[in-house]
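Quick one: the structure is below, and I'll ask about it shortly.
Going by the order they are written in, the chains are A, B, C and D; count residues from 1 in each one.
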Amino acid sequence: MELRKSYFADQRRDNLHEVGQPRPRSDSPGHVTGKTAYFADRNFPGMLHLKMVRSPHHHARIRGIDTSEAEKHPGVVKVLTAKDVPHNVYTILILIQIGPEDETVLADGKVRWKGEAVVAVLAETERAAQEAAAKVKVDYEVLPAVFDMEEALKPGAPLVNEYHGQNYYLYDSGECRKVRFGDIEAGFATADHILEQTYSSSPIEHAPTETTGCIVAPEGNDRFTCYTNTQAMFFTLDNASIILQMPGSKLHFVGGTVGGGFGGKVDVIVEPIAILGAKLTGRPVSFIYSREEEMQISSPRAAEKIIIKDGVMNDGRIVARKVTGYTDAGAYSRHSPYGAQKGAAHYPGPYTIPNVWIDTYCVYTNRTPSSAMRGFGVTIGDFALEVQMDKLARLIGMDPLEFRFINTYRDGDMKAHRQPTEGAALIECMQEASRAANWPVAEKFLAMSSYAKGA
Amino acid sequence: MAKVPVQFTLNGSEKAEFIDSGTTLLHALRDKIGDTSPKGGCHQGTCGACSIIIDGELRLSCLTLAETCNGADVRTTAGLSEGGGLHPLQRAFLDAFATQCGFCTPGMIMAAKVLLDHTPNPSREEVVEALSGNICRCTGYEPIIQAVLTAARSNSQNVA
Amino acid sequence: MAIRRGRGVAAINYPTGMNLGGDPTQALVHSTPTGNFMVTLSSVDLGQGMKQIMAQICAETIGVPTDRVVVDTADTDTGPHCMGTFASRGTHRAGNAVIQAAREARQVMLEVAAEELEVNASDLETDGQGNIIVKGAPQKSISIFDVALSAHFKRGRSISGRGMFLIPRSYPEKETGAMKPSTCYAHACTVAEVEVDDETGEVTVLTVKNVFEIGRALNPKMVEQQLVGGSWMGISHALYETTEPYYPSRDHGGTDFNQYLMPGPGDLAKTEIIVLERPSADGPYGAKGPGEMCANPQIPAVANAIFDAVGVRIDTLPITPERILRALKAHAPN
Amino acid sequence: MALALQTFSTVKDASAALKSAGTLYLGGGTLVVRATNEGDVSISGFIRSTEPSLSAITVSGGKVRIGASVTMAAIARHPDLALLAPAARAVGGPAIRNMATIGGNLFAPAPYGDFAVALLALDAIVSTGDGDLPVEAFLAGRDNSRAIVTSVGFTLPKDGGLRFLKVSRVKPKGISVLSITAVLEQAPDGTVSSSRIALGCMADRPMRARAAENALLGRKLTRDGIAPALAVVGDGTSPPTDPIASAWYRNEVLPVHFGRLLLG
């Protein structure tokens, strides 16, 4: 890696003592000796193992659950169903007043995705929990499922989630989050060329080497210590408090040393049910996702579909950009309504375009609920935007890098969501990339600056 | 449940435990013996985080039944720095900033150690092959490859 | 058979943090009796190095070497609230909170030193080595060790501070979408070079040259770690990864690291990283959040390079050999 | 039922124990221990045998016999089996190769079992407690086999007579898109006089590409010479669609890779 100190030197103090220094990491000695303590490196006498009975169907009504054989299985200590969860219907962003509550901790009457948690089995050994889980009988009436976002939005599509009443998230702005800037139709009318293209992606897993999990130990004083690899301590504690209807003062979360997250450990999934198990049995409880659960049960990055329609001039200026984005939330909201909204604020990308129209939708389908992942709301959008930029440049016969210089935002430019640009630096990145990759651009572009227009 | 005895040396010291038959070595090490340096990343044999050395060979402790290790010489990353000082591989991982979350690190170091035990001056391709059963999600592998190559160089300098 | 070569470019920006509930994070800083400093947080280290970076930020602000600072996180019985580690917010939000807390602690420390040295606190500065000196008269000094002892056992002062980051919550305006969704923006431009096998659709990424602008490299080696790993993940997203290979069909999802595809150590592109620093007005020592954006530009850069190589556009991620081969066959004459 | 491992010093005793329901033979553990770790409660016990012959490799007069417990790593480093080393090294990473056995590989479902593809092209004989079977017949009946594999025998081809190719998405270790083994003999004029070709991941288990074998006979290994074989190499295949590749893709690239293997 090289630091190019010549850029922005006038805005930077470089006479610092500790900041800017390549100090060794304080945690690395623990990593290389195997001494770093992750949550699962704790072991408690009498610890129970929790295994989840999961839905084999994408969408089904539950006509009945029979746990009697499982409860009798040797080594089984407790079997939990929806009725055991004090506040079973929840949503994690309710903490900051974003609802509605739309997800069950344990399925109640219905399952909406293949893999949904239905019954939790707590046993002395993992093996006993697995054997007992196999003895839980769930009577399902399979319902039609919908997997394609376009199909889900059509009238008459199977309703995925009754708590929403339709297969999309209802924002205060309506069926989508909107950004309106300038006059989009006037922009298209003046354009020399119009290009409309569709981009899409499928779900992506964080795949941290350490799977999601927690170990809960009763402290003996009505408090419970939860050793967890959550990415958000109080967010998880406070949601657990709501779900369990327990005062937060009864909960003690210990974490902060996590074997990779990438956004995959911000859903509050394992902790509440494990705490409930510890509370109802009085014993320590371990609930750790198998790798199979991590891959297919934990929330992935949402699949997206993005339609970009651009108006561009022969001289390289983009004069209008209309983006319609669809985020596949799966069966429940989790963080996806926010992800779609983040996308709305991110478009039209780091470019100054006078006429912008953005609609982003959060759509429900019968698949594993998606949620946060490294860059969500932006990552797939950047793929779409930057491939579109390449196509536009070729459409008008311009070098793709020079085409970007013409449109890149600079300090003071108004963004579509009405924030003035501050601290822009993309022009300098492109100038340096031009040199590093030996990708020549005209001298006038190398003379540009993010500081002000007209250079 | 009937318990079975297992006895082996772990990092040079004798260990004996009664375990449930069918217990994996990974569980026996972590939950019975208290060596948590091998990590359970998949229990499928696909991530390498539980890699250890049995009788000089790299093995996956998650797929090895503890009972099959009676009399074996078992080595883990926790044993590399016994006596205080860091092993050259551990030092090289530190210096190369080759750890981020650290969860794959003990397994990576085991895989690298077996390589260097047999091939003191490996090529880059040999390092890549030696690490090919170990998943890292943070680093992009390059710093780890560089750390192993650096450790090999420092080894050969020490010998010279 | 032909191996065809191409290159592509992409340019991106990325917002730091989120704006749900004002995106708060708190920090507490206090000194021990011998002048070591504890930073208490509930922020989570996912492997990105939160603990080390907070120590360096605290050390810089107090004016002591980093090894005099210990970071205690994340225990909800002791650490004050943090929204969490996501949205490229950790360094920025917690860093700002640590600076505020450390400044408050530093002020107390300077006041105690001023009493000991019988000067005004405003005339004092730290030397970064563990001493407090009188500006312009460095021979007149006191060690932070002695200042802390004095504060604890003589002056009755708690060398401590509280810090909090919070921005006004922003609700998007319904009709226009006007909103303030985040704070400062990081930037990147990537050029990727690929080879495509036009009989099998297989892609080899030869090189990626990444230029990242991240505000301030608080610890350059740790920045490098994250940028190199992120660049790898970007390539991985572009060509390999999905839990549903036949989306929207729900079938054939991978359940292990053999089936869930990511580049192996034999698939690595030659990776070049160049870092620019335009300090942000609101970041800790100007830092922005590089953790997420570093994995984004490689995806379109690789996609554009594939088009440059073989003349077909794959607008669906991941860009698998199958998708390329199908496109090549669809484009072939007859 | 808790899991239990029973160890026997002879294959005969192990075979008898394997008759109880719920038991599986434990080789290297890469398949069966994984299954129980993943919660397969139909398995209640493991049976293994420590009979020394299971771990022996004998090579004499061009005849090879490999005990069923011999690992991929042991095959890869055996000086007389250099021809097979690429196929043995194609299995997993180093730790897996120190555990995975030749006996186990015969049971590995696609996209695993690349070494068994090589054994099929070698026309190996599989010895079990119940007798000997050609590998092709053994593979066809493996799902219902309760016999313990004791060894695998075959005749070594001449140097250069075995070509092996594994195509993976992930390097250097990923599992198969497909694999191909070709055992060819050529007359002095370069024409193919004998050919056995086996394919991996082109069905649910390794299969012979007989049409391609016949199409190669009497032909030279030139672009024109192999063209008829490439045209028919996909005959009879029914490749799986899985997370690695679709059936369509496997069928499309099979002739490409087959051609490269023959010409390379």
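By definition in this document, a residue touches a chain if its C-beta (ideal position, glycine included) is under 8 Å from a C-beta of that chain, and two chains touch if they have at least 3 such contacts.
Quantities reported herein were computed from a predicted structural model and do not represent experimental measurements.
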Core chain by centroid distance, with centroids computed from Cα atoms only: A
Quick check: more C-beta contact pairs at A-D or at A-B? A-B
If you average the CA coordinates per chain, which chain's centre is most distant from that of chain C? D
Whole-Å distance, C-alpha centre of chain A to that of chain D, is 42
In angstrom, rounded to a whole number, how far apart do the mean CA points of chain A and chain B lie? 33
What is the distance, in whole Å, between the centres of chain B and chain C, each centre taken as the mean of its C-alpha atoms? 30
Residues of chain B touching at least two other chains: 20, 22, 42-44, 46-47, 97, 100-103, 128-129, 131-132, 135, 137-138
Considering chain A alone, which of its residues make contact with at least two other chains? 25, 27, 125, 127, 207, 258-260, 262, 290-292
Multi-chain contacts in chain C, i.e. residues touching at least two other chains, fall at 46-47, 49, 221-222, 224, 228, 230, 233, 245, 253-254, 256-260, 262, 264-266
Among line, ring, star, complete and other, the chain contact graph is complete
Considering the complex alone, what residue numbers of chain B touch chain D? 1-2, 4, 20-22, 24, 43-45, 48, 51, 57-60, 62-65, 67-68, 111, 114-115, 128-134
Considering only the defined contacts, which chain A positions touch chain C in the complex? 1-5, 7-8, 11-12, 16-23, 25-27, 58, 93, 95-96, 98, 114, 147-149, 172-174, 177-181, 197-205, 207, 230-235, 237, 251-263, 265-266, 291-292, 295-296, 300, 303, 338, 341-342, 344-346, 349-350, 358, 365-368, 372, 374-375, 378-380, 382-387, 389-391, 400-401, 404, 408-409, 416-419, 422-426, 428-430, 432-433, 436-437, 439, 450
Of chain C, residues touching chain B in the complex: 46-49, 221-222, 224-226, 228-233, 256-258, 262, 264-266, 268, 271
If you look only at chain D, which of its residues touch chain C in the complex? 169-175, 241-246, 248-249, 252-253, 256-257, 260
Once bound in the complex, which stretches of chain D touch chain B? 2-5, 7, 26, 28-30, 33-34, 36-38, 45-46, 48, 73, 92-96, 98-99, 172-173
